[in-house]
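You will see chain A twice below: alongside chain B first, and alongside chain C after that.
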Partner chain A sequence: MSKSNKPIVWGLFAAGGMATALVTPVLTFLTLLTALHFTPSLFTYECLHTMASYWIGKLIIFVFVTLSLWHSAHRMRITAHDFGIRSDLLIAIILYCVAAIGTILTGFSLLSIH
Partner chain B sequence: MGKKMNKNSYIREVPRASWFLKQPRYIRYMAREVTSLFIGAYTLMLVIAIKRVAEGPDAFQNFLEILYSPLGILFNISTLLAALYHSTSWFNVTPQAMPIQWGEEFVSGRIIVGAHYIIWIAISILILVFGV
Partner chain C sequence: MSERQIQIEVLRYNPETDIEPTIQAYTVSCLNEWVVLDALNYIKDNLDATLSYRWSCHMAVCGSCGMMINGEPKLACKAFIHEYSDRIRVEPLVHFPIKRDLITDIEDFIAKFASVKPYLIPKEKRPISDGEYQQKPEDLLKFKQYTLCINCMLCYSACPKYGLVPEFIGPAAISIAHRYNQDSRDGGRHHRQEIIASSEGVWECSFVGACSEVCPKHVDPAGALQQVKLASTIDWYREHLMPWVKK
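What follows is the complex of A and B.
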């Protein structure tokens, strides 16, 4: 029986959709405050560094960023198709590669924070 | 039977890139899909932020300078709007995406959607309380 990779892609898409739906609005609100110079304590170097220095903090950041990247990569692939772009393989390779690079980069960054 | 009819007679011409403009529900569907562009770009911004934290206080300060620019502010405003649209549209379809059966009956869609909104608000308040 041939195996399909759809459940994996779909599972990451669904989990990422839920994670971003629950967390991204409040996160963007906090970074907007930062951009407007009302820096919340979460978005200071000290706080982010402390958070990422714990294993649990690393894990939370890594899981959230990974899910969010794969969710949006997969959805952008569908969106490109819906806008009439038919080179799906190329689009898929580009988007999933960006997601993979983002995932690896986040992993390495987090590991180098002690 | 019409002699001039060929096998392509019944194929309607559908514009490839603008088909969704014909119906409000198609527009809403596309709006939902387009939120992924903002969320994707925002996540890449977070990836860079984490990288800058790893590189040290000066690198993180440089990142903040870019965030303070008009473009940074505009990007955060548009991402906030896109994220809110993504959240509400995502929660509103949860009864269809994951129907829950309780005994013989299916749990009412209102309860499933409501539960998601409550969890969403609780998480947001929690992060705000710890984060601000």
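What follows is the complex of A and C.
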């Protein structure tokens, strides 16, 4: 038996799992607050835009957005398999392509913020 | 001592003569202190000597009386009658071929278990005159929980992945490999990695966690498999991104 190459995607999946577990509940809470017209001043559009204009801000947003994408892609691949869908390679290619495109788009859109 | 009339519904199957398994019901006066294994023993001794099942220790040590009790993988010697209603369904462990009644064919598990080299492979050969290997309590603590596995195979029955992909090496075998990998006296990790880091190894696991829920000895195989995944991922990045670093 040869060693699997799954660690590439599992590494991103695991890191993304940790990131989303820590950040997603906070984002959900803040979104809820915004929906109820209670936006803390630190989270106004201008504040977040300014954050994204700095390199460190771009990096933080990039890491969380892309890791979440790779995490979701891998999770959906496993879920498809658990549901009995056996065309694993095709599903893997589609989902990881979506994550890869999302990663590139995130990078470009962050770079366009000045 | 209180007694209850319990209907024990047992799956019966003899592959040599029967076309398909059937359910046979026995009514047994069970003492409240009994476990399901006691009821089966009563049936065997008093009602139907042809009933076949494995058991040995009656104290959750030997791991031979694993079976589906009301659809859940359990040790029959640990399933107390008072926790069940008046009708209990007993079937052989799922995901294994049936040999006879409640007895399953465990060859697949035995082969997988042996394939991960579940024994100490010392870093270097030492003569006996050098004395025993020394180990600190904190070294023992790293793997002690994984030594508690009794090979009862409940985790294989609980694991939906093993049901879907029979090639999966499975929870108990990977946990025992992890147990030896974590042992400070052992130097055989790279031998075991060839098996457990393959696609049929730990990477078939999707962390459902049912193995740890049914484990009667609280080994937590799911936890062991996650640790193996992390270690294998670190290995992969080292081998592919830093090939000059020695193992």
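The working rule: the second predicted complex is superposed on the first by the 106 of 114 C-alpha atoms of A that agree within 3 Å, B and C clash if a C-alpha of one lies under 4 Å from a C-alpha of the other, contacts with A are read in each partner's own complex, and residues count from 1 in each chain.
In the analysis below, a contact is a pair of C-beta atoms (placed from the backbone, for glycine too) under 8 Å apart; a residue touches a chain by one contact, two chains touch by 3 or more.
Remember, it's a predicted structure, so these values are computed and weren't measured experimentally.
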{"item": "Partner chain(s) touched by A:V23 [first = chain B, second = chain C, both, neither]", "value": "first"}
{"item": "Touched partner set for A:L105, first chain B, second chain C, both or neither", "value": "first"}
{"item": "Touching partner for A:S41 - first (chain B), second (chain C), both, neither", "value": "first"}
{"item": "Which of chain B and chain C A:L32 touches, first, second, both or neither", "value": "first"}
{"item": "Which superposed partner A:D82 touches (first chain B, second chain C, both, neither)", "value": "both"}
{"item": "First, second, both or neither for A:G57, with chain B first and chain C second", "value": "neither"}
{"item": "First (chain B), second (chain C), both or neither touched by A:I8", "value": "second"}
{"item": "Contacts of A:H71 with chain B and chain C, given as first, second, both or neither", "value": "first"}
{"item": "Contact breadth on chain A, by residue count: chain C or chain B", "value": "B"}
{"item": "On chain A, the residue positions that both chain B and chain C contact, one per complex", "value": "14, 78, 82, 84"}
{"item": "Chain C contact footprint on chain A (complex, rising order)", "value": "1-8, 10-11, 14, 78, 81-82, 84"}
{"item": "Sites on chain B touched by chain A in the complex", "value": "15-17, 20, 30, 33-34, 36-37, 39-40, 42-47, 49-51, 53-54, 57, 60-61, 64, 67-68, 72-73, 76-77, 79-80, 83-84, 86-87, 90-91, 97, 116, 119-120, 123-124, 127-128, 130-132"}
{"item": "Chain B-touching residues of chain A, taken from the complex the two chains share", "value": "14, 17-18, 20-37, 40-43, 45, 48-49, 52, 61, 65, 68-69, 71-73, 75-76, 78-79, 82-84, 98, 102, 105-106, 108-110, 112-113"}
{"item": "Residue ranges of chain C touching chain A (in the complex, touch as defined)", "value": "160-161, 164, 193-195, 197-201, 203, 206, 208, 229-230, 232-233, 235-237"}
